[in-house]
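Dropping the structure in here first, questions after.
Labels A, B, C and D are assigned to the chains in the order they are written; within every chain, residues are numbered from 1.
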């Protein structure tokens, strides 16, 4: 594959649970080098001193804006999993990157590639099938039903079908024991299973005459964000400006 | 395997849709011989003339009792899929077979071996897991939700758990979109999916710490009764008296 | 939805098994009108007389080229499932449509939308996961293993991974019972299950740290081509020129 | 449920990884009380002093026999997950328990209830279906293919079919890419998938005309032994003598 240029990576929030997992993932990747780990109390200038090219930020809403202002000003790319970005914050980050052409910032609420892909595939496929339903399955300690992901998936499916002029899924049910047919999210039925021994799983079922297509995502580990973060680290250098969500990196 | 004794089989209701399928299945089985086909208007004495050993009856509630009275009196075993057997009718058949020791009659509402096995396995496993839920999936023309089979499966599971002193499946749901958590059948959650491209499917999910067990039954053909009927034909000669349901034949 | 323009549809090979299924599907669709059915011996000019807008051709390699020459010359769009199109034939059809701007011809080897989508999704997702394997499951009368579809799916996956610089899926197997790890198609493992009670099914499993994505396609009916044919009928009027495969119609 | 008698439980090897998990599980169970934790160097007499009723032993082959001799002599029941029990050792334990009527010892190589149940169900169902195949799916660091469990499952299935006079699963494969049809274990096809993101999973597929039955076991956590150990703790007091494997406790 010829000579590989190694990317110099730094981590902000390096001592947190997520930060440590990212440090490990970076160190395990042959094309990445972990050159700086910064946590609360450490000087952020370390990233400049170590000529860091991309910083991963999993910190908290209180400090993330200050971090980003510094990183962009110093022409360091950023991959951000910290939460709390509303429109005002996104607009501010947009102004900063506009002033520093060539610098890229990726802000994503969900780095699980499988989850993002399965939502996108469900959305793409939705208009070609007569019927679509969603089953999400989680551990029994989950507080909400359906899950946020299932809610969003169903809404995307419903919007795609509406746009294509697709009517509702056929359903001849005349006698229903209350709740059997699941919840109704914009006309898409969503079923929530809660079971000991599960973590986080989702299945989108699409059906038409004689055939069905099932898109299933299983997540059994809170580290399932790592591959998505590394994808961001590898790609952000070639995507100047602000990118929201990892979808654009997936070239779908 | 040495010499195989071929069983001489007759079919009542031989020109009906189900009857024709059974005739085909009997003819395809090397250990069975189709010696008589009788339909409305044909003389039932044919079975005696052809020395039929076992008759399969898929006729209708109006004629089945007369058929059985004749068959038992003539010491011919019977495998019956005809519906409409209430306690009174079963008691009558019981009296007939008691008067003819050695003659066996099998009356079963469901000959799908996979369905019967999966119900039985679910019942056996139910008390060893913290959580149990049922998902049934059918074509969108089905009128009732949940399906009768899912209803019965959930009731069997609930009874097995109650008997073992098992409490309800854990569930921390605090916020629920109406219907998301399915229907409640004796404390067991049941979810009904209706999807074009499906026929009749059921999944029982059982979970405990770190592991899950899933028992899934898929039926894609109305002929799925045939293997169960043949099993009955082969076994009924060694099971004198009245047998209800194919469960006892499965030696579970 | 405002006023819907109904498309006038004709069928060539209308008395064949597939042709009859397509006639039924067209008649059942509110936005399509079946205006002409032509089979061997019937005059093809019927399509002109009936002002047919789109003709579906499921005939045979001997007559399909003559059919297409006539249809394109008469500015009738065509949706073709007939087999036997090699490069020479495709080039000939291309010349015909070039001479009749605005006329569209769709030639597709596979109209099962679910199969085409699942192959495409597998190809798109392949480069984002450490591991990919394919399981295909068919009825036990199938002669070849793996199936042609599984072969093609694995080859597409392998090509997508090679293009992205992805290495082989990790595999520490040191002791293998011959065949356990499946067949090797361009470095992608493919497993073929043959089971009574199945029809045609395929599962692509993709995995990375802590998460997996599964894309499953189930086909239980030979009529699963109908929705894809209707999609072609609806779309070909707006896609002048030659289109090969239904993929372009899916806008992926 | 009336008054519940709490069982007084001790753990041997309490500081090991497995031992700690068992201590936690015992403490979390309302009907069990953790009264003694013993590790290397601690006096085993502690169990007598604390009036322990059942001891769980996950230690090592070097010390387990001494432990058992002491426990049985002191009329304390034992649940043992330590490995290395050959026929000689089992015979010795048998002699000890024979001398102490009423004392129960359970020695099991596998405490995962789901795994044991799925093997047993597969064995029971095997003779009723034309076809059976096994798919096992594991993380990519596994050294052997197929897994030991899949090997054992296939052998049990093959034996059950042979006993019932069932021939081999039908298979018309004429052209096979090497390995596609999996490994052959006593005539049962076994397929081994190795995929990042998986832990330990197994699927037994059984099929006959028009229907299939699938028994799937998923294990995503090394703690999946805990529920089986607790089952043993609760049951062993009522099962005097030596019990090998948890199967007898499942009353199948």
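Following the convention adopted for this analysis, a contact is a pair of C-beta atoms (placed from the backbone, for glycine too) under 8 Å apart; a residue touches a chain by one contact, two chains touch by 3 or more.
For reference, the UniProt names are A, B, C, D = 4-hydroxy-tetrahydrodipicolinate reductase.
In this text the structure is predicted, and so the values were computed from the model without any measurement.
Visitor: Looking at the contacts, which chains touch subunit B and subunit C alike?
Guide: A, D
Visitor: Over half shared or under half: which fits the residue numbers at the contact of copies subunit A and subunit D, same or different?
Guide: The interface is built from the same residue numbers on each side, given that over half of them are used by both copies.
Visitor: Go ahead and align subunit A to its copy subunit C using Cα positions, then give the rotation in degrees, nearest 5.
Guide: An angle of 180 degrees brings one copy onto the other.
Visitor: Farthest chain from subunit B, comparing Cα centres?
Guide: A
Visitor: Roughly how many whole angstrom separate the Cα centroids of subunit B and subunit D?
Guide: 32
Visitor: Just curious, how far off is subunit D from subunit A if you go by their C-alpha centres, in Å?
Guide: Their C-alpha centroids are separated by 39 Å.
Visitor: Approximately how many whole Å separate the CA-defined centres of subunit C and subunit D?
Guide: Using C-alpha averages as centres, the distance is 47 Å.
Visitor: Counting only residues that touch at least 2 other chains, which ones in subunit A make the list?
Guide: In subunit A, 129-130, 197, 206, 208-212, 218, 220-221, 224 touch at least two other chains.
Visitor: Graph of touching chains, which shape: line, ring, star, complete, other?
Guide: complete
Visitor: Subunit B touches which residues of subunit A in the complex?
Guide: Against subunit B, the touching part of subunit A is residues 129-131, 133, 135, 137, 140-146, 151, 169-185, 189-198, 205-212.
Visitor: Touching residues of subunit D toward subunit B in the complex: what are they?
Guide: So the residues of subunit D in touch with subunit B come to 1, 25, 112-115, 117-118, 121, 124-125, 128-130, 165, 206, 208-224, 226-227, 231, 250, 252.
Visitor: Touching residues of subunit B toward subunit C in the complex: what are they?
Guide: 197, 199, 218, 220-221, 224
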